[in-house]
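Chain IDs A, B, C and D follow the sequence of writing; residue 1 opens each chain.
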Amino acid sequence: MEQIFFYTAFAIAVISAASVVLQNKVMYSALSLIITLLTVAWIYAMLSAPFLAIVQVILYAGAIMVLLLFVVMMFRYDETEHKRLRPDLLGVFSVLVAVIFAGVLVSLFSCSCFENAPVPADFGSIKSIGSVLYTQYLVPVELASVLLLVAVVGAVMLAVKR
Amino acid sequence: MVEGRQVFDLLWLVPAIPLFGAIFNCLLGARAGNLIVSIVGCGSIGLAFALSVCIFRAFLDLPPEDRMIEFCVFQWIAAGNFLAPIDLLLDPLSMAMITMVSGVSFLIHVYSVGYMEKDKCFARYFFYLNLFVFFMLTLVLAGNFLVLYIGWEGVGLCSYLLISFWYEKRTAAAAGLKAFVVTRFGDFFFALGIMLVFVQFGTIHFHSVFEDPAKVIDSRMAMWIALLIFAGAVGKSAQIPLHTWLPDAMEAPTPVSALIHAATMVTAGVYLVARCYPIFELSPVSLQIVGITGLLTAFISATVALVHTDIKRILAYSTVSQLGHMFLALGVGAPAAAVFHLLTHAFAKALLFLGSGAVIHALHDEMDIRNMGGLRQYIPATFYTFTIGALAMSGIPGLAGFFSKDAILHATFVNGGFLMWALIVITASMTGFYTFRIIFMAFFGEKRWDVHIHHPGTVMVIPLVLLALLAAVGGYMGVPHVLGGGDRISNFLAPNFGNPEVHATAEPSNKGVALAAEDETAVVESEEAAESEKVLEGVTAETLAEGEGHAPAGSPEMLLMLVSAVMAFSGVGLAYFFYVTPEGREVPAMLSDKFGAVYNILTNAWYFDKVYKAVFIDTYMLMSEFFWKAVDTAVIDHAVRGVAGSLLGGGSIISSLQLGLVRWYATVMVLGAIIIILYI
Amino acid sequence: MQPEVIQSLLQIGPTHYLVLGATLFSLGVLGFLVRSNIIVLLMCIELMINGAGITFITFCRQLGSLEGQVFVLFAMVVAAVEIAVGLSIVVLVFRNRSTLDADKMEVLKW
Amino acid sequence: MDVSNWPILSMLIFLPAVGAALIFFIPWRGDFLPKTLALLVGAANLWLSIVLFRSFDPTSADMQLVEKSAWIPELGASYYLGVDGLSLFMVMITTFMVPVAMLSSWDQEGRRQDLFYGFLLLLETGLIGIFLALDLLLFYAFWEVMLIPMYLLVGIWGGTNRRYATLKLIIYTMGGSLLMLVAILALYFFHHAQAGEYTFDITKLYETPVPPHALLPMGLAFFVAFAVKSPLFPFHTWLPDAHAESPMAGAVDITGLLIKTGAYAFLRFLLPLFPEFSTSYAPVVVTLALIANLYGAMLATVQDDLKRLIAYSSVSHVGLVILGIFVFNVQGIDGAVFMMVSIALCSGGLFMVVGMIHKRSGTKEISQLGGVWKDMPLLAGFFMFFTIASVGLPGLSNFVGEFLIFVGAFKVGVLYGVLATFVMVLTAVYLLWMFWRVMLEKAPVRARPWQDLSMVETITLTIPAIVVVVLGVYPKILLDRIEPSALKLVGQVKKEAAQMDYAAKENSIRLAKTERGESE
C-alpha cells in the first residue's frame, strides 16, 4: 500500500523538478517548483516528520514561492528573447550530473544495509522537536533568528531605490 | 755652522721644508698677498738649498768609504714580511742630485715670481711647485723602493697639476691628462719591478738589495727586474715609446717646463737606473737595451727638433734627445758620465727654457720662432745668457756640455762600437744645429714682429745670469784626465759606481771589450732606423770638408774630443749659413720641398702620436663601449629582467581563467565535486 | 528481473528515499548549469536544498534521532534568507542591466 | 667612568635603533630637532666605537669583548657577539660614515627628513649587527634587517626611476641571501649529525667537516649570497642603478657600508667555514675578481652619468678587495681590509662631492657639466683631493691598500699580479678624464654662477679628507690590529686545505709572460 504512495510521490517530484529545469517560461517553472515542494512535504510526512512537512508547506510553498512569483510577476520580462536553453551545454552538463548521480548510487548500493530503527510514536511531533530545539540547539536557534533579521534588513537595503 | 754628525740628522728637513711651504701656500695662499706667498715659496726652497749645501760640505770631509748615511724617519707599512719604513739614504749620487735639484728649483722659483705675478692663481702655482720639489727630493733621498715610488708618483701628479695649471685651455687639460697617463703606464711597470724585487729578495731596502745582488738572483731574473725598472724610467724620462707626452707638456707655464721638463723630473728616470745600476750590471742584455733605446731616442728626437718651429717644442725635443744621451751613457757602462751629463744638462736646459720664457714674455706669448727675429738689441741680457746656454748645450769646447758629452762619446766609442759612436756624433752636430737655429731665428735677422716689447724684470734676469754662470763653470767638475783635469765628478761618485779610473782612461776595461764584441748584432738593428736621415748626412758631410782638417796628434781620446768639437762647430756653422747669411736663406726652403716625404715625417714627430691614438686610445674606447653596451646591459641586465618578465607572464596566464561567468564558476565547483566523488 | 530485485523494489526502504533525494539534487545542479535566467537559478538552488533535506530526513528516520530534522529546519531558514537576498539582487540587477541573463554579466572578468 | 664592564657591543648595535625609534614615534614639529637628535646619536655611537678601539688589545687574534646569551634556546641560536681585528675597523668606519652621511644631507630639501635620518640609523644598526654577529642566525637576521632601511632610503628619496632600482636591489640581494639561509640550515644539520647538538655558533661550526658531496652546493650558496652583496663581476648590475638613483647621503652609505658587508662576510664566514671550497675554487674567484677589476674600470670610462661612473669604480675597487681576500696571504688580507676602509672614505668622498654638484646643477650628466673649477674652487679642491686619493697616490690611504693587494697577488701568481696592477693605469684614465670633463675647460654659460661650498658641506668633506691623509701617512694603527686576525685566518684556511696547498702550487713564479718585458 505505501509503495503506491511512495512511487506516485517519486514520479510527481521528479517530473515537476524536471519541468522546473526544462520549462521555457519562468512562470511555469515556478509553478512546477511549487508542486515539487508540496510533494517533498508529503515525503516528509511519509518519513514520519509531520512537523517538518507542515513547516515545509508553510515556509516553502507559502512564503518563498509567493515571493518568487511576486518577483516574476513584477518584471514583465518577455521570455521570447530569452528562451535560449543553451542546448549545446545541456549535453556536456548532463554527462557531468550523471556522473555525480552514478557516484551517489554506487555508494548507496554498495552498502544498502540500512534498516529503519524502531522509533517512538511521537517521533516527528512538534513537542519532541521543540524540546530538542530549545535544549540542545538553543544557540543555533538564536543565531538563526539573527540571520533572518540580517537578511530582512539586507533585502530592504538592496532593493529600495534611493 | 752646524758641524759634524748632527747636520746629517737634519737630512729629513731637506724634503720637509718645501712640504711645509706647500701646505702654507695651499691653505693660506689665497688670503695672503702675492708677496708673502712668493717669500714663503722661494724661501722654503732656498732654505732647503742652503741646508743641502751645508750637508754637502759636511759630506765632503767624510772619508770616501763611509759616505753612505741611512736615516729612518718612521715605520710606514708593515704587513707580514713586507716592511716599508720611510727611510732616507744619503750617498754621493743623492748628494749631488739634491744639491742640483734644490739649487735649480730655487732659481726657477725666483724667476717664476716675476713670470707669474700677473696670474690670478699665484698661490696655487707656488703650492704645486713647492709640492713638486718636496716629492722630487723624497724621490732622490729615498732609502727603499717604496719611498722612491712615493716620490715617483708624487712627481707625476705634480707635473699633471702644473701642466693643466691654466685649466681654462682645452689643450692644457688634454696635455696634463696625457702626461699623467703615459707616465702612469711607465709606473705600472716600475711597480711590477718593485714587487718582483720584493718577491725575489724578500725586502725592498736599497742597501740590502744592491749590496750583493748576484748571490740572490741569476742573470735572467736580473734582466726581468732591470727591464721593468727601465720601463718605469722610460715612462718618466720620456724615452722612445713613451716620449709623446713631453712635447705636449709645453702647455705648462715656462718656468714649470724649465723645472720639471728640463732639470728635475725627467732626470728621475736616469737617477733610478743609476741607483739600481748593480742589478743592471748583472745582465748585459738589459744594458744593451738601455743603450739602444737611449741612442734611438736621442737620434729621432734630434731629427724632429730640426724642423719644429715652436720654440718650447724644440727645447722639449732637445731635452728628450739629451736624455737619450744619458741613457746611452748608462747603457754603455758609464753611469758617472751619465750623471755628469745630467747635471750639466740641467743647468744649460733650465737656462734655455727660462731664456725662451723671457722671449715669450717679451713678445706677449709669441711661441713661433718664425715670427720672431732681431731681438738682440731689444733684450740683450736674455740674448747673452741664452747664447751661453746654447753653447754649453751643443758641446762647444770650454763650456759644461762639452766635457760631459765628450765623456759619453768616449764611453760609447770604447764600449759601444763604431756605429753607435757615429750616430751619436751626428746627433751631437744636430744638437748644435737646432740650438743655434733658435738663436739665429729669434735674435738675428730682421724684425718679424710689431708688438711693444715687455722687458723682463730684474727678478727674471738674475736667475738667468746665475744659470749662465753655472752652465759655463759646471763643466770643470769633470775635466777628463787626458786634458789634465782631476775628473772630480767621477771620483765623487766612486762609491756608487765603482772606481772611475776604469772608464775614463783610454784603454777599454775588460768588461768594455766584451760589450763591444756582442754589440754588432744590436748595431745592425739600429742601422735601418738611421737610413732615413742619410739625406741630411749628405748635407753635413760637405760642410765638414771645408772645416779645419789637420790630423790631430795625441791619443785616440784627444782625436775623439777633436772630432766631437768639429761636429759641434759644423752644426753651428750650418745653422749660421742657413739662417743668417743672405744666400743661405732659401736653402732650408729648397731642402724641405725637395725631400718632402722626409720633411713631413719629421714635422709629425714620426707619427708617434697618431699611431698611439689609433692603436691604444680608440681601441680602448671601443672595447669599453662594447663591454658596456653589449655585455653589461644586454647580457646581465637582460638576464635579470628576463627572470622578472617570465614571472609576470606566468601570472597573466593564470589570471585569464577568471571568466566572470557564474556558470563557469558553477562548473568548476561541479568538477571539484566529481573529483571528490571519484576519489571516494 | 530476479525476484529479490522486485522484492527490494517493493519493500520501500531508506535507499529509495535516498535515490529520490539524489535525483532531486542532480536535477537542481543540472538546472543551475543549464539555465541562464537568474530566477530559475534560484529555483534550482531550492531544488538542491530540498534534495538534501530528503536525505537528511531519511537518515534521521532511519537512525531514530531528531537532529536531522532540526537541521533541515535550519536549512530551510537558510534557504529563506538566501531567496530573500537573491531576489533583492535580482531586482537590482534588473533595474541596472534590464536583463536577467547570467551570461551577460561578466563584469568580474579579470 | 669604568668602561670595561659595559656591554659595548650590544650598545653599539642598539643605540642607533633606540635613536631611530625616538625619531619615528615622537611627533616632532619640523625637521631640525629630529635631525640634530639623529646626529647626536650618530656621534655617540662614534664615541662608543672609539672607546671600543681603545679597549681593543691589538696583540691577541681571537674574539674580544665577547657577549653571549641565550636567544632561541630550542633552536640553539645564541645572541653571540664578538669583535676581532677584521670587524673592529668595519664597525668604526660604519659609525664614522653615518654621521658624515647625515651631515652631507643636512640641507637636503625634500619631505620628511626626520624619517630619512631614522632609516639611516636603522641601517647603521643592521650594519654593525652584521659585523659583530658570531651566530649564523643572528647574522642572517641582521643581514635581512639591513635591507629594509636601504629599500626605503633609496625608494623614497631617490632619483627619477628609483622604484626600479630599489626593487632590483632588494630582489637581487634577497635571492642571494635565501640561498645562504638554505646553506646555513644544511650546515646546522650536518653539525647536528656530527656533534649531536644543535647550534648556530660559528666557532663550533668552524670545526664541522662538511661531507664532500655537499661541499660544492653549500659553498656556492654562501659565495653567491656574498658575491651579490659585494658586487662581484657577474652579479654587479644592481649597483650602478642603485647608485644612480640613490639620494646624496644614501649613495654614500651604499659605497661606504653596504658593499663592505659582502666582502667582510667572505672573510668571516666563507673562508673559515668552507676552507676546502675556498682554496679549490680560489683561481675561479680570483679570475672573477680580476675581471670585475678591469671590467669595472673600463666601463667607468665610457659612462656619462657621474654617479654611475663612480658606481663602476666601486665595482672595480671591490674586485680588487676580493682579489686580496682570495690570495690567502697576509699581505692580501691586510690590504683587502685596509682597502675596504679606504674605499668607504675615498668613494664616499667622491660621492658627496658629486652629490653637491648634482644639487647645484640639477643634472648628473657629465656632458652638461664643465668648467666647474671656475665657479667653485673650494669644491674643485676637494674633488681633486678625492680623485687623486682614489687614483691611489702614495701618501693617501687607497695606495697602501692597493699596493698590499698587488704584492699579495704578485706573490701568488705573476699573471694575477700583472693584471691586478694594470688597473692603476685604467683608474687614472677614467678618473682624471672625468675630472677633466667636469672641472676643467671653459664653463658653458650658466644662468647664475653656482655658489661655493657652505660651511656644513666643507666640514662634511674635510673630516673624511683628514682621515684619508692620516691613514695614508700612518697606516700602522690599522695594519697592526688587522695582522693577528689575518694570520689566524690564513692559518685556518691553509691548515684545512693542507693537501691542496694552494700557495705552494701557485707561487712557483712563472716568468714566461712576454707582455711584461720592455724589450725593444
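By definition in this document, a contact is a pair of C-beta atoms (placed from the backbone, for glycine too) under 8 Å apart; a residue touches a chain by one contact, two chains touch by 3 or more.
These numbers come from a predicted model, not from an experiment.
Name the chain with the Cα centroid closest to the overall protein Cα centroid.
Measuring from the global C-alpha mean, the nearest chain centre belongs to D.
Could you tell me which two chains share the largest number of C-beta contact pairs?
A-C
With centres defined as the mean C-alpha position, give me the chain B-chain C separation in Å.
Their C-alpha centroids are separated by 103 Å.
Give, as an integer number of Å, the spacing between the C-alpha centres of chain C and chain A.
About 6 Å separates the centre of chain A from that of chain C.
Nearest whole angstrom, what separates the Cα centre of chain A from the Cα centre of chain B?
Between these chains, centre-to-centre, one finds 108 Å.
In angstrom, rounded to a whole number, how far apart do the mean CA points of chain C and chain D lie?
Chain centres of chain C and chain D, defined by C-alpha means, are spaced 69 Å apart.
Which chain B residues sit where two or more other chains touch them?
663, 667, 670
Do you know which chain C residues sit against two or more other chains?
29, 33, 36, in rising order.
Going by the touch rule stated at the top, which chains touch which?
Chains touch in the following pairs: A-B, A-C, B-C, B-D.
Chain B touches which residues of chain D in the complex?
168, 171-172, 234, 236-238, 295, 298-299, 301-303, 329-331, 334-335, 371, 373-374, 388, 393-395, 399-400, 403-404, 406-407, 410-411, 417-418, 421-422, 424-425, 428-429, 432-433, 436, 439-442, 473-476, 479-480, 483, 487, 509, 511, 516-520
List the residues on chain B that touch chain A in their complex, please.
Residues of chain B touching chain A: 663, 667, 670-671, 673-674, 677-678, 680.
Which bits of chain A are touching chain B when the two form their complex?
My answer: residues 89, 93, 96-97, 99-100, 103-104, 107.
Can you tell me which positions in chain C touch chain A when the two form their complex?
Residues of chain C touching chain A: 10, 12-20, 22-24, 26-31, 33-37, 39-40, 42-44, 46-47, 50, 53-54, 57-58, 60-64, 66-67, 69-70, 72-74, 76-81, 83-85, 87-92, 94-95, 99-101.
Report the residues of chain B in contact with chain D in the complex, numbered from low to high.
74-80, 82, 146, 149-150, 153-154, 157, 160, 164, 167-168, 170, 172-174, 176-177, 180-181, 184-185, 187-189, 191-192, 195-196, 198-199, 220-221, 224, 227-228, 230-231, 234, 240-241, 289, 292-293, 296, 620-621, 623-625, 627-628, 631-632, 636-637, 640, 644
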